[in-house]
Structure formats: structure tokens, C-alpha cells
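Here chain A shows up in two complexes: once beside chain B, once beside chain C.
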Partner chain A sequence: MTSLRWIGVIAWKDLRAEFRSGGRIAAMISFSVLACFLFSFSLGSLVAGRDVAAGLLWLTVLLASISGAGRTFDAEEEDGAFRHLLLSPVSRHAIFLGKAAANLVPVTLVAAFTLFALTLFFRIAAPGSVALHAAILLPGAIGLAAAGTLFGLISRHSSLGDSLLPALTFPALVPLVFFGATASSRVFLDRPWAEISGPARLLWGIAIGVVAVGALLFRYLTDD
Partner chain B sequence: MHAQEATGPRHGMRIGHGNGGRLAYLGFGLAAAGVATILLVHWLVAFWVPTEAAQGVVQRIFYIHVPAAWACFLAATVAGLASAAYLWLEDERGDMAAVAAAEAALVFGAIVLLTGPLWGRIAWGAYWDWGELRLTLTLLLWFSYLGYFLIRGSVADPRKGKRFAAVVAIIGVLSIPLNHVSVVWFRSLHPEPVVFNPEGPSLPGEMLATLLTSLAGFMMLFLGLFTIRYVIENHLRHRNRTSQPDNSGALT
Partner chain C sequence: MTLAARNLVCSYGPTRAVDGVDLEVADDSILAVFGPNGAGKTTLLKALSGERTPDEGVVVADGKAIRGSDPEWRCRVGLVSHRTGLYMKLTVMENLLFFGVLHGLAKAALAAEEALAAVGAPELARHRAEVLSHGQRQRVALARTLLHDPDILFLDEPFSGLDPNGAEALEAVLRERRSPGRIVVLVTHDLRRGLRLADRVVVLRRGRKVLDDDRAECEAEALVGLFTDSGSPA
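Here is the complex of A and B:
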């Protein structure tokens, strides 16, 4: 079986388990929608939604992703399935990429729900092109999912647990959030593509870099 | 290299002899030379170097801030490379070097993060500007190395803790290239490079000489502290191995 097929098998297995339980995705989306509600409740009368929407969007997606990342390996570690997965003849790269791909689905769903909730709660009439938002949120979600998978495994073994995740992930992810928020704010403000393409390209570069570094280093986190 | 007990050069500290002893003497020598050079730089900054026309007297903090930043980036790079060597070769010396360099990165990073805002308060009118990408990325690098020590101390299996920390160190060092190009790629309040720019150094002679002297002092201090810390780490692990054979390397 090729690595690509193994990635698909692992991602599909994780997604089926995820949708059967449904707990993590529901919690992440609830968190993001409630955060948007609280933002609109506290900031709605003070600022124009279009001016702050990009920052709030990326902040909410980052926090929701990190809160979910700590749970990536919980079920498999508890019943020993992860150890068996590591003993199987699947390369560690394929395991990492499969798990990151499975993580990408909840993060993308959270990003989509957050964008919708912000537009709704802040009453942004023309929030910009959906395709442009997707072109920016997708690399962001890829980077967040890959980093969440890598650091989720580390925090799983730490006595500090999920409280360690922000300290590990934020320094690594701030460039992603910085360029993502910059590009998204220009989409919200209907700026031309020439102004959006620079940060969007950097965002794609960082996302690909995070996936590559994660795939390279995952082996060293799982070797016993 | 296994250090054995002996007396250190100045304070009677027992740090090892043989290779470890020689390394310790080298470390103390480098650190002392570094401190002496930095003291000389303070004299140069106070009495010799001319005042910069645009920024005035506050610019003089540059002779401490910039070399400290370079020492911090060098320490972080050494920590990242040593961590990669540890993961690849499974050699304990890589981990010991990474610990020593990561601690130095935290110390020199703290100097950068203290002197930068002091300069910014006068030059920008604010201690901190979140839009200033270089200062923000340096803070994040500092937090990466704080995370490095948090993860080492919070994993029950010391071997796993070292491997996890090594991964954190490698990821942390990847932000350094972005940090370097950030002032060129993005318009910010931070001054552009005056030494490493395509047209060559743009500083007047006395300023460049003071900066290079300070840079030499900070590099010697880093190498000295790094060497001393490496020898101490080696000694601690050796003592731990001999007293608790089943728990090697658990001290850090």
C-alpha cells in the first residue's frame, strides 16, 4: 500500500471515530460561535465589525484549534491503539499526515462557522469574496491542524497537559496568524487581489513549512 | 567525555578534571574576557563614541542591544543544531549542548527584551509596539525556549522529555530567518540593518568599532557561559548516572 493510501486510511479512520463521538467538533464549534457572540456583545457598539473581524476570526480559530488539538490522541492513547498503530508497517510520515488531515476537517469547519458567525453578529453586509476567504483560511487551517497534531502529542505526555499547549504552539503559530489576519482584513475591506496576494503567498509558504517540519519531526516524538 | 571531580579555577567549585577541567578553565577564561570587554564597551559608549545625530543619546543602548540580540540568535541556533544532532545521532552531548545554549538564549533574549523597550520608550514614545514584528518575534523566540524548559521538566520519562524539548528547540530556531528579514520585508518602526546590508556597513568608524568590540565581548561571554554550563551539565549527569543508574539524565 502506498504512503498516500495509508494517509487516507488513517485520516478516514480518525474522522469516522470523530464523527461517531462528535464531542470534539461540537465543542470546538460551540466555543467559536460563543466567542463570536461575546465579541459582538462586548465590542459591537464600540467598533466597526469590518475593522476588527479579521483579528477576531483568526484569534477564535487559533484558540478553538488549540483547545481541540490536545484531544487528538486521547482516545487512541487510552486504549493503547496508538502504540499498535506505531507498530504497524506504516511510515511515521504517513501517520502524521493522516492525523493532520483528520485534524484539518474540524479546524476548517470551525473557520467556516466562525466566519459566518462574525458576519452575522457584527452585521457585516458585504464581508468580501467567499472564495478569497477560503483561499486564506485553508492554508491557515492546514498550518493549525499540522501544528496541533505535533504539539498535541507532546502535551499528551506532559504533566502540565493542555495548559502547556499555548506556550508551545503560540510562538510557532504567530507568523501564521499574523499573515492570515493581515490577508483576511484586506478581504473584509474589499482590497484588490494585488494587496492580498503577498500575505496569502507567505501564508501558504508557512503552512507547507509547518506540515513538512511536522512530518520530519513526528518520527522523533514517537520513537521508543 | 566523563568529568571527574576536581577543583575549579576561581571559587573552589568542584567541576571535574581532565577534558572537563580544561573545558571549564576555557569557559571561565572566555567568560572573564567577555565581561572585561563589555565593561570596556561601557567606557567607550560613555566617553568615546560620538552621539548619533538623529536619535541622540538614546542610540547608545544600541551597542548593548544589538550584540545581545546576535548572541541570543547564535545561542538559539546552537540549541537548534545541537537538538537536531541529538535527535539524529542519539548522542547525549547534543542534548547537553542544547540545554547549555538554550539557557544562554534565555539570558541574552532577556537582555534584548529589556533594552529594546527602554530604547523604544524614548525613540517611539512607547515601551512596546505589537506592530513591530522583530521585537514581537524575539519575544516569541524567548517563549519558545521557555517552553523548551517547561516540556523537559514536565514529562515523566526523561528520554522522552529530551526528545520533545529538542523538537521545540528546532521549531523555535526556524523563526530566526523570519526575524532577520522582517525589518526589510515589512515596514516597521525598527531601524533597518546597519551592518549586514547589501551595501556594506553604513555606520561611521567609531560607532562600527564600538559595535564590533561589543559584539566580540558578547560572543566571548556566550561561549564562556555555554562551556561552563556544558561542563556542569556533564558533571551532574555523570553524578546522577553513578548514584541512580536507572534514571540517567533526569536532572534536567
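Here is the complex of A and C:
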């Protein structure tokens, strides 16, 4: 119960600060909508929207998430607050999960805006069930938020800074994007649940795995 | 309450930032740690507070070796540094409530109000940290540290950037903290203030302890001599 409270209060703190500064979420959403607009210009006349929407959806969400992940620890580093957070009695796992939970909100918003923008710009009349899209995008967003939190910390403490983020994130998230795009494409094409459930289950498994590995590595990275 | 370090060694790569330091801090006392830049003062403080695990040696509190990862230990320590550690987009009260909840305080709001009153800054509660001066932020940082009433207070260059009034106020709070069951460890460049507050003085140079004495035996001019290689180790 204490851990849940810690996770909640850390996420609350991050989101409150985030919405007051506003810059990161607005930048991520703007990037994703603009990317969809440009995709529709470059591909719209060549392919049917439903055929490519899933790939573009996951690619856009991945890129937007990474662009925001680098700023996950901005507030912590601004005046040395992270040192005090680490010195508090809160477990490292709770700190990681709280910050990942806060990251989940912008990633989910980006996923929702991207889905809407793709449907609009590619004029997809029947994009499939919104509930099924949500069931696929949610584990993807969880995995991206957790990976972004972890890699945000690593890039912060590397001399390479944010330029290190894509190099770390892309290879680690290939399975997540692959199964996510596979499942989403079947939703866009209105395939039955039996065809979607396989990659969807794998997606949930990968998301849980990313969170678990992230929590373990976060503890290792922040000790000392 | 006692705190002791036995043969502490902390290294960064091949460099020994703290090299075989022994020290003891008695109950109800303030220890001031002086030294030139790069002497290992902050690293020593991190080892004593449990923020950093020493490569060799041990830190002992009340006769038991400490583990920095132990939540009970973290509840017993508080830290004030020259960086305030506040979240700039949150108000002062939100900052205090956040850390109060993390420390498991049942009445975090009440504790926050009392802590702000203790540092003479109750009027700052509704202001965002980003609009405060450094001196005001430092007062709030001290209030945050006092929230959970730590047994051991670690201060890392706390006077840095404070105006004379702010420094006086901080000194007054530190004097109040000198009481049975409590210890203050102060790392500072400010010899005059440090000597005024301390009961015991340690001087580090290149990671080694070159002086460990009662404050009464120390004079600022003599300490400055110890900062350079020409000074003779104790």
C-alpha cells in the first residue's frame, strides 16, 4: 500500500509540474500531428490509408515518445531535486514506476492524437474498433513510457546526452513496435479478434517485461 | 546518538576522493568539515549520509553499520546542499507536502506549516519555487529537511549564495538543532561561520584527514594554512 501511495504521489508531482510547464506534451503532440500530415502528403496518393496506417501510427508514436523521453528528468535535475528524492525512504522501484506512470500520460495522449490524425489525413472511413485500438495501444504506451523513463535516466548521465536516446531505444523496442504494428494493422483491416489476440498478448507480455527490466535496471543505475 | 567513520575510502576511478578517513561525531554536537576544493568533503558527506557506499571502511551509527538503502536509515537523515533540490514548477507547500508524504508523515500539511514557521518563511507557502530568490529557496529547502525531524542533519555548503540575513537565519536554526539525540555535519568553505557553529572540526586535504580537533583549539588562520601543502598534518 505504501509503495502504491509513493508511486501515485511521484506521478502526481511529475504530472503537475508537466502540465504547468506544458512544453513537452505540446511538443510531442505537435510533432505527431505534423508527422501524420506530412505522411499523408507524401504517401496519400500512392497507397490506401488502411494499408499503411498501422506502421505510421507506431513509428510516429515511437519517435514522439523518444523526443519527450529526454526531458523526463529535467525537473529532477533543475536544482538537484533527484538527490533528495533518492535520499528519501522511497524504494527505487517506486520512483521508477511513479515516473513511468507520469510518462504514460503524454505517450497515451500522443497515441490517441496520432490515431485521430492518421484517420483524418488519410481519410480512413472505417478505421476499426476504437476499443481494440485502445487495447493494442495501451500496452505499447506502457512499454514506451517505461523504456523512455529508463533511457532518459541513462542519457542524462552520459556525456552523449539526448543523442544517445535513439541508439538505445530503437533496438530495445523493435519487438514492441513489430507486434504493435502487426496487431494494429489487423484492427485497421477489421480482422476478427482471433487474429488480433496473438500479437496483442505478446504485446502485453513485452510491456510487462520492459517495466520489470526497467525497474531492476533503474535501481542498479541509481544506487550510489 | 553517535556517528563514526572507520577507515573510509571512496574512489572515482584511480582517484581516491576520500582516503582512509576515521572520525567520530558525538551526540548533541556539530561537526564542521573544512578543506580546499577537491579535498573530498562532499564525497565524505555522501558516504556518511549513505548516499554513496564507500569502497572500503564502514560508517557506524549508534554502534551499527549503516546501509544507505535502508529506509529506516533514510528516515533518520536530512540533507541541505547549495542546490536547493526543489521542484521549480510546484509551490512551496506542494514541495513540502510531496516530501512529507514520501517520509510517511501522517499530518504532512501541518508538519509543512510548522517547518515553514520554524525557518521564518510561512508567507512563502503559496508561491511557486521558481519565483523565489535563492535565499528564500534555501529556507524552504531547510524546511523540507526539517519536516521529518531527522536525527542527523547533513549540510553541504549551505551558506553558498545566501545573503547575510539568510545565513544568520540558517545559523540560528542549526544552533537549535544542537540537542540530545541529534547530530549536525556541516561541510563548508565558510571558515568563520563554520567555526562559530562547530563543536568539532575536521580538515581534509586530498582526501586525507589533516586535522581533527575541538573547535576551541582551532583558529581560522591556522586552518587556512592546512589547506595548502605547506601546512603540517595533525
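As a convention for this text, the second predicted complex is superposed on the first by the 223 of 224 C-alpha atoms of A that agree within 3 Å, B and C clash if a C-alpha of one lies under 4 Å from a C-alpha of the other, contacts with A are read in each partner's own complex, and residues count from 1 in each chain.
Basically, a residue touches a chain if its C-beta (ideal position, glycine included) is under 8 Å from a C-beta of that chain, and two chains touch if they have at least 3 such contacts.
Fair warning: this is a prediction, and the values are worked out from it, not measured in the lab.
When both complexes are overlaid on chain A, the residue A:6 reaches chain C alone and has no touch with chain B. Touch criterion met: A:223 reaches chain B and chain C at once.
With both structures placed on the common chain, the touch criterion links A:16 to chain C but leaves chain B unconnected. With both structures placed on the common chain, the touch criterion links A:79 to chain C but leaves chain B unconnected. Of the two partner chains, neither chain B nor chain C is touched by A:191. Contacts of A:172 after superposition: chain B is touched, whereas chain C is not reached. Contacts of A:93 after superposition on the shared chain: neither chain B nor chain C is touched.
Counting contacts by the rule stated earlier, residues 223 of chain A appear in both its interface with chain B and its interface with chain C.
Those residues of chain C that touch chain A in the complex are listed here as 49-53, 69, 71-72, 74-75, 77, 79, 81, 83-90, 94, 98-99, 101-104, 129, 137, 144.
Chain A makes touch with chain B in their complex at residues 150, 154, 157-160, 164, 167-168, 170-172, 174-175, 178, 209, 213, 217, 220-221, 223. Within the complex formed with chain A, the residues of chain B that make contact are 87, 133, 136-137, 140-141, 143-144, 146-147, 150-151, 154-157, 160, 163-164, 166-168, 170-172, 174-175, 178.
If you check the complex, the residues on chain A that touch chain C are 2, 5-6, 9, 13, 16-17, 20-21, 75, 78-81, 83-91, 223-224.
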